[in-house]
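Two complexes come next, and they have one chain in common, subunit A, joined by subunit B in the first and subunit C in the second.
This part shows the complex of A and B:
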């Protein structure tokens, strides 16, 4: 198998119930993918954080705590590692719930819902969303080359 | 990975020690300990995070909750947070009201 073909190999699919108790399995799946792709620790952390936040969002706001399923598929291309998150909840673009930090607002008055989506979006290099055939599909990717690693540069985590 | 939470009082400091990972599934335990620590009425609530390898926005929510729960003048101090964890706290701007300390 060529190196590129190996890189393009997909991780097995992960199907989990839409419950917060599944976050552990989701983290293991993403970290295993990151390990296979030999992502550095910081990039692996960012990808895990983004997937965690988006799937938490699906559980809490997509299915609203009701029953459902989340399907993860991941893989590596030559220059990026991606995770596709699919669910059958009503149409819900995670970006609609984004709340950027408001550091000038006193902490006592802070709204914190939506911060997770903000964290997810600044943690990955690519994000897209589509509603196709009754399914919400979010696609997240990080580049495998050296990338920004500090807050303040494009707001990237 | 589960989260282990312990709470103790040392003089005028309530100490919450966290070990594990802080996400939406585990954060409720942290929340409970914050309520108890706030009830002690100490001048400082110290949250030890040396052994926290991962924190999602649920942890941020808990820190905001902590700040909102304690009375004016009480200091919330996060000690020993790893680089990515303290980066997440700074990203949300919480370092303006919560003290981040190495030790």
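This part shows the complex of A and C:
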């Protein structure tokens, strides 16, 4: 088990039903975490946006509006703040639903839906996904100090 | 039109409904004051894009004014800043129209 996974097992937990109304609780959880970690406003915004986009994806496309649960665990270590998002929906790697911006496409044909995943991925410095024991597990992290991003996006938010 | 607060999947339907109500009045130009928008995700961007499409279908324009830096950045990275006219501040002519005398 990785160090981050071990930390996740001990982190404060938020369990919410996979419903739209839970997004507010999720936002409060992430912002409280950001506050404890003393993240600057922009980094806190990036982490919140990424978690919002991934959990929105779980509600809309994972459980497809049906019943389910989302479990968040978050914490910080020396150089990063991380959030682990876990759900019991059918296996789905969020990166498979990614839609990159298409600035040359006429507005009439523009789609924004999949851009949520794009926004999530460019918002964080680290992202990983695994399907373990029947659970989707996405791990998102933002760095609190200088260092290269493992996501490697040029259009960092 | 002024939008304040947070736009996400939970609040987006309310914004969508407000757009629908506004567009029923037949405006040829809508400027959205986004200075009070503290958070906006891709769902919010989708609502804006949908409203823009509907405005264009009827020959109108929809513009965005005063987005906070984080919201402006989202417009940029989603490529939507190329389809919206984005004003740094509320256009002066609208301020005059809203506050005569």
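By definition in this document, the second predicted complex is superposed on the first by the 138 of 157 C-alpha atoms of A that agree within 3 Å, B and C clash if a C-alpha of one lies under 4 Å from a C-alpha of the other, contacts with A are read in each partner's own complex, and residues count from 1 in each chain.
Note that contacts are C-beta pairs under 8 Å (C-beta built on N, C-alpha and C of every residue); 3 or more make two chains touch, one makes a residue touch a chain.
It should be emphasised that the depicted structure is a prediction, and the values quoted were computed from it without experimental measurement.
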{"item": "Overlay on subunit A: subunit C relative to subunit B, clash or fit", "value": "clash"}
{"item": "First, second, both or neither for A:74, with subunit B first and subunit C second", "value": "neither"}
{"item": "Which superposed partner A:42 touches (first subunit B, second subunit C, both, neither)", "value": "both"}
{"item": "First (subunit B), second (subunit C), both or neither touched by A:94", "value": "neither"}
{"item": "Common interface positions of subunit A, toward subunit B and toward subunit C", "value": "20-21, 23-24, 27, 42, 45, 48-49, 52-53, 56, 59-60, 101-103, 107-108, 110, 112, 115-116, 119, 122, 157"}
{"item": "Subunit B-facing residues of subunit A, complex", "value": "20-21, 23-24, 27, 42, 45, 48-49, 52-53, 56, 59-60, 101-104, 106-108, 110, 112, 115-116, 119, 122, 150-151, 157"}
{"item": "Residues of subunit A that touch subunit C when the two form their complex", "value": "20-21, 23-24, 27, 42, 45, 48-49, 52-53, 56, 59-60, 101-103, 107-108, 110, 112-113, 115-116, 118-119, 122, 155, 157"}
{"item": "Residue numbers on subunit C that touch subunit A, as the complex places them", "value": "6, 8-10, 39, 41-43, 45-46, 49, 52-53, 56, 70, 73-74, 77-80, 82-83"}
{"item": "Subunit A-facing residues of subunit B, complex", "value": "1, 21, 23-25, 54, 56-58, 60-61, 64, 67-68, 84, 87-88, 90-94, 96-98"}
